[in-house]
Each structure stands twice: as C-alpha cells, then as structure tokens.
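What follows are several structures.
Here come two complexes built around chain A, the first alongside chain B, the second alongside chain C.
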Partner chain A sequence: MEKVGSTSPGWYDGFRGRDVISARDFSREDYEALFRYADLYEEDPGFYRGLLKDCIAALVFVEPSTRTFHSFETAARILGCGVTAIRDPSMSSIAKGESLHDTIKMIESYGASIIILRHPARGAALYAAEISRVPVINAGDGSREHPTQAMLDLYTIARKRGGIDGLRIAFLGDLRFSRTVSSLSYALSSFKDIEIFYIAPPILQIRREVKIYLDDRGVEYKEIIDMDKAREILRSVDVLYVTRLQKERFPDPSEYEKLKGAYTVGPEILSIMRSDAGIMHPLPRVDELSPELDSKPNAWYFDQARWGLNVRVALLSLILR
Partner chain B sequence: MEEHLLVRKIDMGTVIDHIPPWRASDVLKLLDLEGLRRSDISLVILHNVPSKKYGRKDIIKLYRHFISNEEADLVCLVFPTSTINYIKDWRVEKYKPKIPERIIGRIKCPEVTCITNNPRENIRTRFRVLSKYRIVQCEYCDTIVELERIADLVGKKSE
Partner chain C sequence: MKEAKKNSYWRIDTHVHCRDWGESYKATIGSVVRLALSKGIGAVFDMPNTDPPILGLRDAEKRLRRAEDQGVLKNYYLYIAATPNEKQLEDAVRAYEELPRVVGLKLYTAPMKGLEALSLEEQEVVYRTLSSLGYRGVLAIHCEKHSLFRETLWDPLKPYTWNLARPPEAEVKCIEDQISLAKKHGFKGTLYIVHISTKEGVEIVRRARNEGIRIVCGVTPHHIIYDTDHMRTPESVVLKTNPPIRDPTTARALLGLAIEGAVDFLETDHAPHSPQEKTGPPYLSGNRSLEIYEIAVNMLIRSGASEKTIYMLTRGNAESIFKKLDGID
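Presenting the complex of A and B:
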C-alpha cells in the first residue's frame, strides 16, 4: 500500500470539501485512499495531532449515539478542532420546535467548518447539505444510511482480510431497518466479485432500493429466509455481519420471541464457520451476539468499533485540511 | 367512432387520448388541478369508449387549455399508452413525450419518516425516475414508489 505523510508527494484530493451523505457517493479509489490515511493514524499518530487547529467541528446529534458521537468528537479533538455539540435535543431550541433548516443555518453562522449530523428522519443529511455552505457528514439518518459506519466496516474487513475483492459476506438480523447494512451493501458494490447473503425473515429482509442498486451494479446477492439454508451458507462466508433484531418492529411480540433464538450468534454458529471468518456488529448489541464470542479471534466487533476512530480522523482530515 | 357521438371536436385545447379505461381520474390528478379550477376552461372526460388499438380507453378533452410539457411527460410516464394532442385552430399537433429524469415538487413522499414530510421544514420533493423498473425514487429518503401509485401522491406542491 502506498503510504502517506512525510514520504507522500501530496494529499489525496478525492474527499476535499465534500459532503458525506451516502456510501454510494464514493469510489473504490476514495475508499482505498481513506484506508491508507486510517492506517497512518496508528503508524504515525503525531502526523494528525493539531492538523486542523483552525477548524470547528459541529456535532448535531438529534438521536442517541455512543460510538459515532464519541469517535467523531475524539477525532476532532485529536486534530485540534474546536468542538461544538448539540447532544441532547431537549436542551436545545430543537425542543422548542426549531426546524433543522434554522439549526443548520445558525450553526454555520457561528463558524462551523463541518457539520456532523445524526437525525431520525430519512434524508435529513442530504437536506442539511443543501442548506449548509460547509461540508455535512451523515452520522445516520433514520433507517436510510450511515456511510461512515460503512467506511469503518470496510476498513475492518480490508485490514483483517487483506482486501475486499472476492468477499463473501452474510448479513443477519433486521436488514430492513438497518442503515449500516444498506450503507455497507452500497460501499461493497465498488469492489470486485462480492457475494452477499441477506439472512432475515421476510418482514425484515433487505429493502428493495438496495437490491435495485446492487442489480444495476451487477453485484451477486441472495435473500435467505430458511435457517437451515443459512447455516449452510455460514460454513463458507468470510464475514458474518450481525445486526440487532428490533422488538418494536414486530407487529406480533410472540413472533419476535420465536425468532430471537434463531438469530442469536453464539459458539455453536461459530463452530460451523471457517476458522478465519470474522464476526462483525455495528453495536450496540442486545441478545443477538453471545458474550462467549468476545475472546475469540473471530470476534472483530471491538476492533471494528475502535478503528472507527482511525477512519474518522482520516476522513475529517481529508475533507478539511 | 362512438366518442364522436358523445362529444364534438374542439378547435383549441388539449386532448389526452388512449388513457387506460377508467383511469382518466388518475390522469387528472397528475395535472395542475388547482390551476384548472381557477381558469375558465371546460373539461370533458370520456370513460370506456371503444378503441381499435386497446379495446377500451378513456379520453380527456380540455377546451381552451394547454397542459404544460412537464404535465404531458408525467402523464405519458405513468400511462405510457396515452397520447397528447395540442389542438390549435382545428390543427392537431401530436406531442412527443420525453421521459423526465426527475419529478420535482409534484408528489408527496409516502415514507412517513422522510424529512420532506416534516411540517417544520419547507422542502420541495424530488424523485428520480427509474423508468426501466417503472418506479420513482425519493432523492431524500430513497423510498421507491411504483409509477402506478404516483397519482395518489400528487398534491405536495411547494413554491
């Protein structure tokens, strides 16, 4: 891999000044450049320290978050940015009925260099980007997308596996309402020979818009409903990506209770998977991922969360420096 | 033709022909109805008249009113058998429809959590047309709408 920093002839320009709204907006070249800069965070941490000391990062989180908020905030502080945050909407004018339009305008007028937005409405990030003169990063817009999660997911896969091409990945759980699954599916379509298996009951299967996008890009995918068939597939995948089954999505609570067991990943599932396969999860987890897996080398999810910082340091730098 | 017994030819206006039978009311929804109501035009709807090509069809005649090209394109997108004729001094000009890339500010997104449905925001909806799949897709929230459903979603027309 080409290295950046003191030995590099110059910065990669593909992200400069850009919004990050959808994982569809970025190319393979963009993703691979991002990975190189994310590596650099560990190879030469001093490289990033104070790099953006004249910038202000505004974090507007109108929905709960742990990892995304803290990793963006930490990344901004490492880079020397000033940080301003709306964390609890009940403590801001949003609770008084202020529109997103006015919130964005106001934050921009106070000198924000970049706005990092999490919002429950689908499409909120695109709307904010249309209003804002400074770049907007989508940190999750309802069930639509979470592109920076896809970036750190890809980075984790590339780092653990040595590359993305030829990946066989199974997604398990609530795929219909998962923004991380849609974003990662979009991002994977920039790579070669990807095979995706969506394992979920019909009511939680992957959304049609994702399937259409994959069809148009010629990506192989299958929807798997039968759990016996799913077990067959899990024997050969490189990655099992687990998401939380959301109880509130089930019209009949007994249906949830019935499915919960079948969608829990524990040592028994791990035993049928390849020894070098990885298990990923965007976290938080509830019951779907057994803590017994945590100490196994196949449990990639804590590295995945940790490396979110590398990716976000790199991303902010590439957009703002 | 049976239609000639029901209504005479017009010398000025728009004729929307070859509409699938009993769907003329959906075509009307695709037009700027508010604009029509404010004007002094006359409008005739023919339901289920015989058609050599399709067996049965609906026809709309708008006397002294020319629908916009944008409206004509939308009607032909949703009902591809439809033909639009502009009549000027008895002369018939057949309109060649174009497939629009986008539908802007005309239809409401059916996804309740879409930002365009937030009453605090004043957002013009934008749908990209994926004619291969006979769908449109909300550019804000990605929700897919079948072309056949569009008529029921007309009405969000900001600005």
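Presenting the complex of A and C:
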C-alpha cells in the first residue's frame, strides 16, 4: 500500500492555534502537511505519545456520535491530553436552557486548550469559534459541514490512490443534507483536475451553496438524476462515495421505497466499476451498502473510519503543539 | 394593459403591523398608512397581534373606527386572529363575511405578544373548525415550528445567531404541517405563507400548488436585501426579525424565486418598535420595512424582474387571491 509523504516531517505551522470550522478554510499545502503527520502516527507511534500532556481537550457533543467522538477522545488520550466531555446534553446545564455562549465560556474558564463541538445547528461551530479564546473544531454542525471527516476522507483517497489530483468521484445518496459530502466537495476544490458526479433524485441533490462555491473555484461537477446514466458514470470513477438515504426527508414515503433499491450499492454495482475503484462511506450505514462488499478490496470504508484516528491525532498536535 | 400602468397604480401591502391602541408609542394606523402612501402603497393589510389582539367582529369594527378617526379608512384592511377556540373562529368568520375590510384570518404557529404559540393539535382545531364553517377566504400563517427552536443559541452581541436559534427547518417543517392539515380536513380556503424565508419553503409551496392545493406565499424586502453577513456587529441587532434574516445564499435564492414568479407577494411585514426595545432587552423582532420597500422593488428590477412580475408581486396577485377589495383604486 502506497503512503503519501513517507519522509519524516519538519514541524508544520499552518494549523497552529487555528479553528477548524470549514473545509473551505484550508489549502492544498495544509491538507498535504496533515497527511504527512497522519502517516507519522503509524510510522512512529511513539512520536505522539504524551506530546500534549499539558493540554485539555473539551468534547462538547450536543448530538449523537460514535466514530467522531471516540476517535477524538482516543486521539486526545494518545497525545496525553486531559479530556473533559459533555456527551449527553440531558445530563448538563444545556438541558436547563444554558446558552451555548455560557457553555463555551465555562469550559474555557476551566482551562480547556481546545473545544471540539458537535451541534445540530448549522453555523453553531462558527459562532462558538467567534466567542472562544481557544481553538474550536467543528465536529459536525447540522447539515452544513464536517471538516475533519473531509480531512480523513481525503487522506483515505490519497493513501489508497497515491494522490488526489485527477480524481473522478461520484457521490450517491442524500447529498442535500449530508455535511460530509459538502465538506469533502469543498476540500477537493483545492486539488487539480477533479471531476465530481452528484447522483441523487432532485429532492436530495447537492445544495446550491456548494455549487456556487465549486463554480467560483472552477471545479467540474455534474448532477445526475437518471440511474441509467449514473451506472454509465460508475464504470469510470475512481471513488464511489455513498451516504445514507434519510427516509424522514421524503415528503412521499412511496418515493423513498421506490428509490431505496436503486440507491443500494451491492455486488452488482461493484461489478460494473473499475477493479481498482474504491467505495467509501462516512458510516453509519443502514441498508444502502451491502455487507457482501465488506470483504472486497474495493471496500475502503473501514480503513476510512480507522484512519480517522491518524488524522485526528495529527490535527490536534498541529493545532496545539 | 396592466403592464402599462407601472408607476400609475397603487400598490398593495398584504402584511403590516400598524400597532396603535396599547402600542401607539411605536406607531399608529395613521402613521403607518401615511408612510405606505409615501411609498406608492395605497392599501395595507394590518395583522391582528395588536394590544389587545383582534379576535372578532367587535374588535374589527373598533379597529376600523380607529382608522376612520385617523382619516385613513380608505387605505386600511385587516385580518382577524385564528385561535383554537370554536366560538372565536365562528366570530372571526362572521367578521370576514360581514365586513368588506376584513381580508382574511391569521394563524400564528410561533408565540406572538398576546397570542400563544399553537401546538399541532391546536392548529388542527383551527383547520377542522374553519373547514366545518365552510370558510373559503385566506388563512395567513406565520410558519415557524416552535418545537424546533434552539433559543440557547441566541446571543444579542452576535445578532446573526437569531438564525441559529430559529433555524430554517422550523419554517420548512411548519409549512409541511399546514399543507398536511389543510389536506386532512379538506380546507377550502387559500393558505398564505407569510414572510417566507427559505428556498425549501418556496419549493414546498410550489409543489403543493402543482398538486392543486390553494396556497400562496410572500417575501419581505428585508429577507431579500439583508443576509446574516449584515448581522455580525452588535449594532445590527436592529435587523432582528421573525423569521430571521437568513444566510447570503438563501437571500439570493429568494430574490431569484420572486423574479421567476414562485412567490406571490412582496409584503413588508413592517413591524415598528421603539429604539429601546430593539437595541436592548428584550431585543424585539421586527423591521421598519416600509422604509426599504422601494429598495426591494429596484433590486428586483435590476435583477431582471419584468414590469409584469413587479405588478403581480405588488398588486396583481393580491387582487386575484383576496376577496374583492372594497374601495381600492
């Protein structure tokens, strides 16, 4: 397996003290530096042990999470940080109506070095960053963005494929409400010759704000509604990125039932794809990704989740060291 | 030709708050109507969340006498509030039928001064009762689903946070609720989604209309002129309004949707408060949007709206959707 940036890095200052709110805020240089540091986690795990032993990471998760919460918590512990967490808002003053402002200020006053925030409101992370004196990482703000997921997605693609430039990627599923799809789309715009295909029914197509951004950056993209046309495209893509269809988003339940089958990726879809193409998914999956794919080399999604730890270890150290 | 009447017809504002009565220190019927006239608006439709609220025939008659006393009856029309009380609704419908100046009923789904937020069950009472009374007029609805508010995100020093506290999905879900309730109870009137503030909301209205549901919507000057980028300083708290000013992409999208005819009215939702109420606790919501009405019209024209579109947004649709307007020039 080829890795990006196998040389031992000199310290990169591009992230120091920064908030991580949007994938739009980072350059190609930033992403590539992050990949080198993520590689280092496997090349020299001892390098990171206790690196941030005087720091405290505050995890404020007002919405459920499995992978993001645990990988951040594990990353912080590997780095030697103290960890403080609000995991269940019903057990904190948030349930009593405490404002986000006061929650952030309180956490900051207890000595947090960084705040990692997941919140259901679009824009909550940006607001938290504006009022916080310590860096804030957006761990998902409603349907808007999930920039650290985009970082680990890019890392996975770069590591599996040997680079990002020239990538042909198809997104399939609920693209409108997927924060991972919008963040990865923004991040991809920092690379060269990217082609994006958004495959979804009109009601779940990619949001206008993402399209405006891609237009401004000159990124090639197409919206695909017809499944026959989609199958044609899937023959040639490097990556198929699948997201869950969210039943509750459909005004007409029969429309969901009709589409559900068409948007399930299984061996039949895999058979028309290139043999070296990868299938990615931010997880959790419901039934849009067949378990029959799990053992195939094209199933990149478990590596994708696993390497989230590499990326988050690297990111925390680059911000806080 | 109607198009030839540009600048020669009086416009209609289907949504204002004239205040008066217990809030005369903010504005009066006379002051609001005269401001409207100065903007080329010859008819204003006043909302019923006054102090006290307008709930039936007697309130409406009192209100009309007040307009007459101030010499502006000719330009004044009003709505009656719809509450989940069958007797009150009967009285409201009677007022609609008997008084030519009553243009419709108004349903508040979010809390308003003097009027409680209605639960979905209470909203259902309104639809069931109006359907059984055979009401065929306009039901104007302030659509924001209270249960989706996140008030803990409001920070008056960062006024854009009002958009986080009362998020777009609260409007979208509430519009879906109204359509479902109207279908369920066979509502025969016209749903009017006032001050629509989301692209998704307009799309839902458009889809419902294509399915044959009688539904219309209006957009305000402040929702197309301003966006959250204008609300980043503490002083911009004066722009706080309900539903909130949205993000720049949404403001641009609403402008485009108005130009392509997916929106029926340019309505001001002119809602004056005292400077103290706007800039300090309780930081009341509401904009003096009659004052920016012409800016919005010019913005629409500059962005490609035809004369006919402007006519329909500012008069034509109101004439065809509301009952025959008594006394309008």
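In the analysis below, the second predicted complex is superposed on the first by the 311 of 321 C-alpha atoms of A that agree within 3 Å, B and C clash if a C-alpha of one lies under 4 Å from a C-alpha of the other, contacts with A are read in each partner's own complex, and residues count from 1 in each chain.
The definition used in the following text is that a contact is a pair of C-beta atoms (placed from the backbone, for glycine too) under 8 Å apart; a residue touches a chain by one contact, two chains touch by 3 or more.
All values reported here derive from a predicted model rather than from experimental measurement.
A.B. asks: With both structures lined up on chain A, is it a clash or a fit for chain B and chain C?
C.D. replies: Aligned on chain A, chain C clashes with chain B.
A.B. asks: For A:Pro120, select first, second, both or neither according to whether it touches chain B, chain C, the two together, or no partner.
C.D. replies: both
A.B. asks: Can A:Leu100 be said to touch chain B (first), chain C (second), both, or neither?
C.D. replies: Once the two structures are laid over each other on A, A:Leu100 reaches both partners.
A.B. asks: Check whether A:Glu209 is in contact with chain B, with chain C, with both or with neither, and answer first, second, both or neither.
C.D. replies: In the superposition, A:Glu209 contacts both chain B and chain C.
A.B. asks: Please pick the stretch of chain C from 95-103, 239-247 or 257-265 that overlaps chain B when the two structures are superposed.
C.D. replies: Here chain C runs into chain B along 239-247, and the other listed stretches stay clear.
A.B. asks: Once the two structures are superposed, pull the chain A residues common to the chain B and chain C interfaces.
C.D. replies: Residues 97-101, 120-124, 127, 142, 208-209, 212 of chain A touch both chain B and chain C.
A.B. asks: For the complex, which residues does chain A have touching chain B?
C.D. replies: Checking each residue of chain A against chain B gives 97-101, 119-124, 126-127, 141-145, 207-209, 212.
A.B. asks: Quick check on the complex: what are the chain C residues that touch chain A?
C.D. replies: Checking each residue of chain C against chain A gives 150-155, 158, 160-161, 163-164, 167-168, 176, 199, 204, 207, 228, 247, 249, 253.
A.B. asks: Okay, in this complex, where on chain B does chain A touch?
C.D. replies: Residue list for chain B touching chain A: 111, 113-116, 118, 120-123, 130, 133, 135, 137-144.
A.B. asks: Give the list of chain A residues in touch with chain C in this complex.
C.D. replies: Within the complex, chain A contacts chain C at residues 94, 97-101, 120-124, 127, 130-131, 142, 208-209, 212, 251.
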